[in-house]
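Two complexes are shown next, each including chain A; its partner changes from chain B in the first to chain C in the second.
What follows is the complex of A and B.
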């Protein structure tokens, strides 16, 4: 197949590069995908489809890196947002919808007695570790090696502009290794304020790793025993495993849970919820931002929660994801290719077994993109509620062709 | 050992083991350098008290650099500290102790001129800059804490760097906690290929003056395969600027 061209994407990128460092920075940077073989700019989206600026249509298996859980432009969410927009968005005071949303969230999350709202995941993870420090009077924060908790200095995967002091009190344990947690707690006894973890590990470029039996429960036990605030960063996985939070899916109970992404079906909102004992400390940790009281995103979030609960979206995306992954494995095998599926089915990822250099992965995803199915080569994928069996069948048919190209080019 | 001494020690190692070897390539690509060393048969040793050492041997127009001290060097310069050696390489006033060749110190003037040529040519030859960048990896990973931390999560593999417009290739292999590198094509298919479309973008990248993400998006810089390996090696190479450039800026 001849290489596709994305002339309009490239035109926009050329213009961007004159005035924007990186052209496109952050997670959407072309450098993170397969540059020149992937589109750079999106034009519009609907349901589980989107169109790039060159007019190409894609089945969306990335969902804007997670936020779009119900599908793009969901009518109920959009209607709620529009209604609130007519009333007002950025106002001198919070709108009543803020109270309604926090009440709803506290109702949904079993252990929570209070909720606060922000705009992005990093807002909440950073605030949560401050909360842990305020509550305990301690300094140290434990996190899993290769985990992702946002773009603030204490956790950014970037390298520029950091100083040693940014991470002087951040210490890393090994995922699924309770002994490494115990060792850190022992080493910093009475000085560990909080432990933050995602419900499963999703390192960039690598296989996702589910928690080993007893791991998160063991972490919970250590935290309770040592007076450490146990924070779950459910920003990526939230509402794609269980409507009540990923701790329910994996049967453990944290002290604080952070949501964002799927919480607003694309509208900018994040939340942190916690147990009663942390309420006073939470009141002492300052949080705000110019747009953090934005009422439109809150109204969208309330509608999104309503739809997710009614349509049992978590169960749906788990089922559809499983269908997709099973199909991919089966089609790869038809071509004599061995693939490895990792992560929960609603946030799946696939890699070629025994491949150490990502070349097959990049070729496979490029071929899928060229044929109208958007699969990221280095980041876990996301399933939305708009994705149905028909779209999965279409994606699998495309995968059949893409695996054929990989087989022809690499042999195995 | 205080932080400043550590900086000087690492800078000294970089001058000895990454910059000094560039004289070999300089003798191949620069007519001015060739003219200067055509009739020069001599070895110059640089040694830091209790620390690193290296030597440059000039022989009938060829240059070879030894990564350690050289017992038969005609001129041996002994530096009481890394800071003193760094000053020497930066062209500042420095008074090393001449352990051997005290009566041939005039030859050092020729060496200084050669150093000035290297400085000028480095700005124009990606071949020289790439050599310095690749050679800097080993001392940085061995002695720079941040470089070691960067490599901690780096996947093993073989990287090839190329500038096809200049027919320039180099490779780096990170395996078993060790770095190996060489000029030319990688000894086997690389896990990641880093390719510059043009000489100017390569020069800009090697000087640390390129918006690499924008260049990648535009296709000026192509990276395929094991991205984390290429990215980490790039970040470690950039650490050399921290030691070699901050002093002159």
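What follows is the complex of A and C.
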């Protein structure tokens, strides 16, 4: 019997399994990666470097599934959080930093007149569809098939605990198929409250799909014409494509935009911003939580925005991501392997072309992980501002070896 | 025209109103307290002392609506959070502290076999009703009228943005009326998945109502007999009545218990714990969020639990709350005012008996606030471990003055 690659991870997992259903639930559940081939527990992180509990070090191409856009422990973000923490975090009232952050967000996002803040991404997507219903007096919500908008009953990718009423008025269109949107609008004419979509589609296990030319603009036109509230869920992509929101990158304009993840460089915060016309309706949809005035995450977010703007982080992660993707394609080709790189370069993903055997994909990512490059086999990756050319070169050298292993095991 | 009492609060609120619907939304919305008579923005806090942006200092009897059970900046909690923060917070995987915290929670709560963690209280109450549905294969959820279980569509106290399907299978019984529970169970026989209740009822604007003798035990018996999952929402009261969960204080036993607020002394965290029989169902109801593995709040929570256990914080806040309530009653009587003190002493509330004029209640609390004792006019109060006899004596001296003003203005 071979020793486990990650003995300490396995020990913690065994302990966890006694007191936590599945040991690890949610997006980091071992079954979502490659069980026993990936670490299960985190020890620490710094910049774009990540260490697991077995003391292994990785170049971090996952950024904690997106939040850590500036790299771990960015000094300006940490300093801002610490300053606010010394004053107080969870208080009887909001702190002034809430006003400053909302002012800043409204200033950054071109169409926005107002902002609200929460803790989870789901807090904002759920609230946004309620807002659409309040504004229109209609019920139906359209979303893209295979899209991800959080873990609430109306949108969770899970199957347990749901009842049909949870999704009685949620209808799915096909990404990049404007006719499927038109069909739904026609079918439910005058009863569609809102349409929610991510700026690109990132199905688990699948290639990411960018919007086809005219698709999001077409959606926008339909929404305007039909009085449907057009919501962009920018929780995953936000600030990695354009500092002003991903609608700028893809040249369209929604009515509401939701942010989270990169907004606070890892501090728990989310936001929804909207058009002036929606302000009264927004004031009518109750939203709150015990920690929602938490001032530390807001201070961290304000600092994160300042750094992202000054450092032009969106441009940086796009450029670094492109280098990485180009390099991966080139190295794969050297080994006679065909790969498809998908998604925007700052949230890239790679799959082997025309490969039906999931094990090839898993082997490649496992080999990368074994060699100190942390990638996810079934979920898009993320580039941080802390990632530079040196790290990309190192990751590509590693990829060369990993492709070699894949070639030897699965052929070309 | 008189000067506003809180000029800096008003300035911030004016700025906020330009970029935030309602300026301040949620539980700290000015309309929920006494507009212009209460501060709107927080500057800082320390122990049981709270300062607003106008530099006014208060004895804090609200504890940020519950979370701050040990007082602000408890050194052990802050040190634990800081140690974890230096390692990392939002990481690619959970940190070992997640396992340690769940082990600790399962150890603390007598009937619990497993635990899961989230960020908001609502994350856990919504997940708990999904769990009940998954476990039973039934749809209906029973809750007490006027209870609070969070801000999600199935339970929000707001009215905006709701559709009838949100509550198609949510039914309300009357608190302390076992027959109303029986009636619902009979009416929806074999279709009731779960019953969720707080350990005592705390309606806004109303007196808190403790469980009548036998009520919660009767609910428990009905649930056991009918195969209904009995969920206690201990988010508000948790750790202020009994370190092992409020069911211990009231001598009953649920199947699931939800915590948040005091669990992390202000750090954003929530938890649900359940019986062994529910473990498989729990593993089937997806739950996650970008920040849900956040290790800092978990480390803070572990330290908070340690301090609460060692210092017997539940007993302390019960005792201090009793002193405060007894003192308030006595001082009110001295002025010939009749008051009703309600709720458990650690989450006390006070109203003027048989008073239909809301202004009397508001005047009393406003006068307390003006004199440096922070109380809420329409929401139960909270005692922290940092509150000692000296502060209670000071608050009672202030109450003497406030009762005098009330007597002069409204009579007895």
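The rule we apply is simple: the second predicted complex is superposed on the first by the 408 of 412 C-alpha atoms of A that agree within 3 Å, B and C clash if a C-alpha of one lies under 4 Å from a C-alpha of the other, contacts with A are read in each partner's own complex, and residues count from 1 in each chain.
Note that in this section a residue touches a chain if its C-beta (ideal position, glycine included) is under 8 Å from a C-beta of that chain, and two chains touch if they have at least 3 such contacts.
Worth saying up front: this structure is predicted, and the values here are computed from it rather than measured.
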Which superposed partner A:24 touches (first chain B, second chain C, both, neither): both
Touched partner set for A:266, first chain B, second chain C, both or neither: second
Chain B versus chain C as contact partner of A:40, first or second or both or neither: both
Which superposed partner A:168 touches (first chain B, second chain C, both, neither): second
Partner with the higher number of touched chain A residues, chain C or chain B: C
First, second, both or neither for A:281, with chain B first and chain C second: second
Doubly contacted chain A residues - partners chain C and chain B: 21-22, 24-25, 40, 159
Residue ranges of chain C touching chain A (in the complex, touch as defined): 12, 15-16, 18-22, 24-28, 39-46, 50, 52-53, 60, 62, 64-68, 72-73, 78, 85-96, 98-99, 102-103, 105-106, 113-116, 119-123, 126-127, 129-134, 139, 150-153, 156-163, 165-166, 168-169, 235, 260-261, 266-268, 279-295, 297, 374
Residue numbers on chain B that touch chain A, as the complex places them: 150, 153, 155-157, 191-192, 211-214, 216-219, 222-228, 235
Chain A - residues contacting chain B, complex: 10, 13-14, 17, 21-25, 29-31, 34-36, 40, 145-146, 159, 204-205, 356-359, 362, 378
